[in-house]
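You will see subunit A twice below: alongside subunit B first, and alongside subunit C after that.
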Partner chain A sequence: MTVFLQATVEGLSLAAIYSLVAIGFVLIYKSMDVLSFAQPALAVVGAGLISSLAVDRGVPFWIALFIGISLTGVLGLIVERTFLRPMVGEPVFSVAILTIGIDILLRTTLDNWIGLNPRYMGDPFPSFGNFGSAQIAGVTIKYLEIAALATAIFIIIALNIFFRKSKYGVAMRATSFDQEAALAQGINVGRIFGLVWFIAGILAAFAGFFITGGFNTLSQTSFVVALRALPAVVIGGLDSIPGAVVGSIIIGLTQGYVAYYQYDFEILTGLTLGNGFSLLAPYLIMFVILILKPDGLFGTKEVERV
Partner chain B sequence: MKSLRKQGIILFTILALVLVACGGDAAEEEVVEETTPEVVETLDSPAVTTAQSVKTGVGVTSDPCPEAVGSFPTGADPSKGCIYLGLINDYTGPYGALGPALELGQRAFWLWANTAGGVGDYSVTIVEGGDAQYNPAKHLEVYNSQRDNVAALAMSLGTPQTLFILDELDKDDMIAAPMSWYSGYAYKDLDKGLIVEFGSAYCAQGMNAVDWALANLPVDIKTVGIIGNAGDYGGDWAKGVAAAAEANGITVAWSYLPPATEFDVAQAVGLMVTQPVDAYFPALGPTAMAQVAGGAFQQGITPIAMMAAPSFNDAFVREGFALAPLFTSGSMYVTAFVDPYEADTPGHAAMRATFDAVGQVTGNLFVTAGWSSQYHLKGVLEAAIKGGDLTRAGIRRAAANVDVDSDGMMPIKNLGKDGAQTETFVGVPTSDNLSGIKSLASKYTGPSAAAYDWSAGACS
Partner chain C sequence: MKSRPNLYTNYDKESAIFSNNTQKFWFAVLFVLSVSLCFVATDYWILLISRSLTFSIGAWGINIVSGLAGQITLAHGSFIGIGVYTAAVLGGVASNSVWGYELDMLIWLPAAGIVAALFSLILAPLAVRLKGLNLALVTLAFLFICSHIFSNFISVTGGAGIGRKVAKLVLFGINLEEGLAFGNFLLEKNQIQYLFCLFLCMIMGFGFKNIVRSRAGRAYAGIRDGDIAAEALGVNLFRYKASAFALASFYAGVGGAMASTISGGVEPGLFNLLFSILAVAIIVIGGAGTVLGPLFGAFFYIMAPGFIQYILKITHLTESALPLNLGQIEAILFGLCIILFLIFEPRGLWGIWFRLRNYFKAWPFSY
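The block that comes next holds the complex of A and B.
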């Protein structure tokens, strides 16, 4: 039972990180119809900014965290204004390819800064308890993971309120629903696009911090963790925020359970699933769900006039 | 109107396939079956040693080397000719962080060697490096951009990548210093006599890690786990660990060897938690190493760790790193292909003096690897000059039968004789020096590696 709980905790904490990245994907897709491949790069750039401020410049960690996350939001805004705004009206495929270019640009620049040694965030989490963890009923719970979970829940609630209650939130929903109708209603769609990228940048930076915080450290391969949120988006539906969260939970828990039970399963059945199966399993689930529900669990069905 | 969602899914699927494809697989490592013709004449035969003039070829000029490449001085003698060496490095990709450190060590070596008189009537310089991104296709691309201008390669980084271009190297008679310690480089049927290996092979390091731990640690080791990246150093290392475990009657409880891109920290930690072992033998990158060791430690799992060199990074023991107390707790050890920066040999002393002279304050294992990788190449070039043939074919022939020295950094090695080098360094992390490693055993060969039949061929 302890192993099951431990695997569940691991899975949920992964789900929290994935959901932060996944919601960013969905926000951009909903508003611009583009799957942005720059999200993983924004995540690690956010972590890099925090590390640079907190470790290299001696800024107190919590201030560095705030500034780093805010700057990543601004970076998202700049990316939208400089690279994506001129692409309005161009085929979405071209825009998606452009986001791959932005991803490479940001990561190459960051990699040059990271250099040889892994960089740490300067956060206090590893100094709490037993190297940043506590035992509760035999289950090890990491403070960083609790923080990730709490942050994800807080952000999801905050976004929900924002979309329903605030002027800009309603404007974003209207833009997402029909850009031309939104324009006709006096909504500044360009500003909404900028706001979307700003929020996506903030979400990415949070995810970046939780991927690299504690002794996880920031290295040139950290972005791969953020990329693993992609199946979550497809499972949940590309245009559904609740779907992104549910997809992340499915992916995270699958990864957690396979990680802890694959070896026992192989001994019990005599089957060999192979090394790396814990990362492959989410894709298998994704394929099954796509066969059953091609638009994802919560995605909007598209009707095409032939 | 096309379905935007479908476009997104197609894009995503392409990206996922690319990622999976980049992973590779140990089992897919190319094994080259071709053999090179046996070289009958030795360099020490009178016909060779009495050569009066030196025949030259591609990559060798009578004009002097440039004073600097980039901002780094070459130390070249303007009155001497120049031997140009190629450089297939990684500046981006999974090992992009290591590339500059390796290159720094290599350029510093030739600065020192040129200042000390060069190689015969020549100075040696490394051309501007090309970025192969740890990608075989890019590796070939970089090679193609350099092949017409260099006499040999100062570095070909990565085992799968180097094996990928081996046929091209063969066509050009181009020898290369590797930057990986695959045991196959010590066998002509696998490297065609083109790879000028240096330092102990991963496989031998794995064997020695097991033997040294059994002989020196106050822990009764009965079960072990192996963690590594297949397709890279992990496969060869794992073979060595498994062979020594078998020789010592130890049980390998599990092996977790996915490709680097498919490595899941949660699964590695899960294995350590659900299937506890007395010791584990990781051959990972540094980030994964910290996450695995830290993740297991948080759950109260602290077996002995015998790390392969690429797993360790001196940042682990520096002030501010959360896990520094774990890495210096005495439960974690490092094995390596060559003694680290502070070792007491003339070669290490020359390296430290050169770095002091150029104002570089670094001493990590990769700088030492870069420096030490060039010693055997220098020995081959000297032998080629001694043989009067500095064409690529002459250099290749020299590499096929020569004893190379490294001022004590590594044992004297006969490059023409099949069999991997076994002498391994063992140390423990410390914050007291530049390399971050305190020496516990130098040039160690345990009973498993000593008894292993190295004439039978490569481990993997």
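The block that comes next holds the complex of A and C.
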């Protein structure tokens, strides 16, 4: 039972991280019909910015966190303005490849800065010792995991309010519903695209911080964690924010349970699944769900005309 | 008609491999030049060109499925991997940990392609149900599954971080690893390899051109331009999507197997996401859907770093004097190329070549 709870807690905190990246994916896809492969790169760049400010420059942690996350949002905005704006109306295929190009650029620059030694994120509460952890009923809960969960829930609620109440939120919903109709109603669609990338960048930076915070550290392979939000988005349906959250929970929990129960399973069945199977499980689920439901669990079915 | 080479009186003539004498002439010149190159150039350049030739075979493969049939795939690297390991098991040397049967090249080279093609049929039913981004994501899942298997199937791949030796060059029972002596003249291994890559690349290139101008090629173009419309016109979607994936993987397997003999050893970590992205990027840079595009793209990808290294060598600059190391310079250059080509020249290097050619065709009366 303790093992089960432990796996659940870790799975949920992963789900929180995935959902942050996944919502960014969905926002961009809904508004621009672009699947941005640059999202994982934005996440690790955000982490890199926070680390360079907090550890190398000695900026107080909270200010570094704030500046790093805002800068990543601005970076998203710049990427949209410089690289994606000229591609409006181009085939989906080309734009997806273009975002891969952006991903290569950002990550190479970051890898050069990271070097061989992993980077630390800094610590707001040195007395806890690397973000610390608590024992509740035999389950180890890291404070960072709680923070990730709380942040994700807070951001999801805030975004929900933003989309329903604020002027720009409503404009974003209108744009994703029908770009031309939105233009005709006087909505500045270009500005909306920029805003979408800004928000996606901020979400990615939060995710990046929680991926690399504490003992996890930022290394050249950290982006793989953020990339695993992709199966989450696909499971939920590329154009559904609730879907992204549900998908993230499915993926996070699967990963958690597989990590803890793989060994028992192997002994029970005599099969060997190999090292790091828990990292593969999300993609297997994505594989199966795409076969059964090509539009994901919550996605809208695409109607096509010849 | 002899005096008017650009006048086509029937379809066969226009779709011929070389539609006019100019093309025949330049192909002959290029052929003679590239054969004689192996006796003139240094080993450094011979190896680079051999690698480019094998990479362009793989790039033709992804050009069938992405360029012609319009299905985005991110699993091409996995099929290359399957080809490499098939060849390595059949043609490689066994050791304590890995299998190897030391068979002839006549067996392992086609087998590499065929096994990769058979594996690609796993994707076929999915490719029919899905399209566009969803298909790309399924192939992405396939890629991660493959790379997991690669790093855990130790008796075939040698395991993650360790790798294994690849297939040996043994043709008709003659071991070509030590070179081939004709009287006093010794043809070295690199030269043999280069000539072999050249012929293979030519065969595969003509094969690609033939696919383009055949019934299958027209069906692929139909699927790319509108699969529902193509289906309504009687194109069997299942057959042609499956055959596009199978052909692409055949090319991938053969190209990969040949490329692996140049590097000598492979580590399963090579066949990661970046490797598959590389395949896509090569045809984007070269020009998707064109015959010459993949060749241009592959040469660009392999030769550009070669030139950078060469420039560093002749200017006596060391790597430490630069802000980035060589791999990073290559990666940044590569990422920039993808972005700039997509924005400014979506037809890739082939598009540039096409415009240059047309400019000089009418020179000096260009308009």
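Here, the second predicted complex is superposed on the first by the 298 of 306 C-alpha atoms of A that agree within 3 Å, B and C clash if a C-alpha of one lies under 4 Å from a C-alpha of the other, contacts with A are read in each partner's own complex, and residues count from 1 in each chain.
One rule holds for everything that comes next: a residue touches a chain if its C-beta (ideal position, glycine included) is under 8 Å from a C-beta of that chain, and two chains touch if they have at least 3 such contacts.
Everything numeric in this text was worked out from a predicted model, so none of it was measured.
J.: Looking at A:105, would you say it contacts subunit B, subunit C, both, or neither? Reply first, second, both or neither.
T.: It touches subunit C, and subunit B stays clear.
J.: Under the stated touch criterion, name the partner, subunit B or subunit C, that contacts more residues in subunit A.
T.: With both complexes superposed on chain A, more residues of subunit A are touched by B.
J.: Could you say whether A:114 touches subunit B, subunit C, both of them, or neither, answering first, second, both or neither?
T.: First partner only, subunit B.
J.: Touching A:137, do we find subunit B (first), subunit C (second), both, or neither?
T.: In the superposition, A:137 touches no partner, neither subunit B nor subunit C.
J.: Looking at A:86 after the superposition, I want to know if it touches subunit B, subunit C, both of them or none. Which is it: first, second, both, neither?
T.: second
J.: So, does A:184 touch the first partner subunit B, the second partner subunit C, both, or neither?
T.: neither
J.: Taking the superposition on A as described, I'd like to know which of subunit B and subunit C A:1 touches: first, second, both or neither.
T.: So A:1 meets neither subunit B nor subunit C here.
J.: Check whether A:284 is in contact with subunit B, with subunit C, with both or with neither, and answer first, second, both or neither.
T.: Second partner only, subunit C.
J.: Which partner does A:94 reach: the first (subunit B), the second (subunit C), both, or neither?
T.: second
J.: Please report the subunit A residues shared by its interface with subunit B and its interface with subunit C.
T.: Touching subunit B and subunit C on subunit A: residues 35, 92-93, 96, 108, 111, 227, 230-231, 234, 238, 275-276, 280, 283, 290, 295, 304.
J.: Touching subunit A in the complex: which residues of subunit B?
T.: Per the stated touch rule, the residues are 1, 3-5, 7-9, 11-12, 15-16, 19, 23, 92-94, 96-98, 100-101, 230, 254-264, 266-267, 269-271, 273-275, 285-287, 290-291, 294, 297-300, 313-315, 320-323, 326, 364, 366.
J.: Which of the residues in subunit A come into contact with subunit C in the complex?
T.: 35, 83, 86-87, 90, 92-94, 96-98, 100-105, 108-109, 111-112, 227, 230-231, 234, 238, 272, 274-277, 280, 283-284, 286-287, 290-291, 294-295, 304, 306
J.: Provide the residue numbers of subunit C that touch subunit A in the complex, in ascending order.
T.: The contact residues of subunit C facing subunit A are 66, 70, 72, 126, 129-130, 132-134, 136-138, 140-142, 144-145, 148-149, 151-152, 160, 226, 228-229, 232, 273, 277, 280-281, 284, 323-325, 328, 331-332, 334-339, 342-343, 346.
J.: Can you name the residues of subunit A that touch subunit B in the complex?
T.: 3, 6-7, 10, 14, 29, 33, 35, 37, 55, 92-93, 96, 108, 111, 114-118, 120, 122, 126-127, 130-133, 135, 140, 142, 214-217, 219-222, 224, 227, 230-231, 233-234, 238-239, 255-256, 258-264, 275-276, 278-280, 283, 290, 295, 299, 302, 304-305
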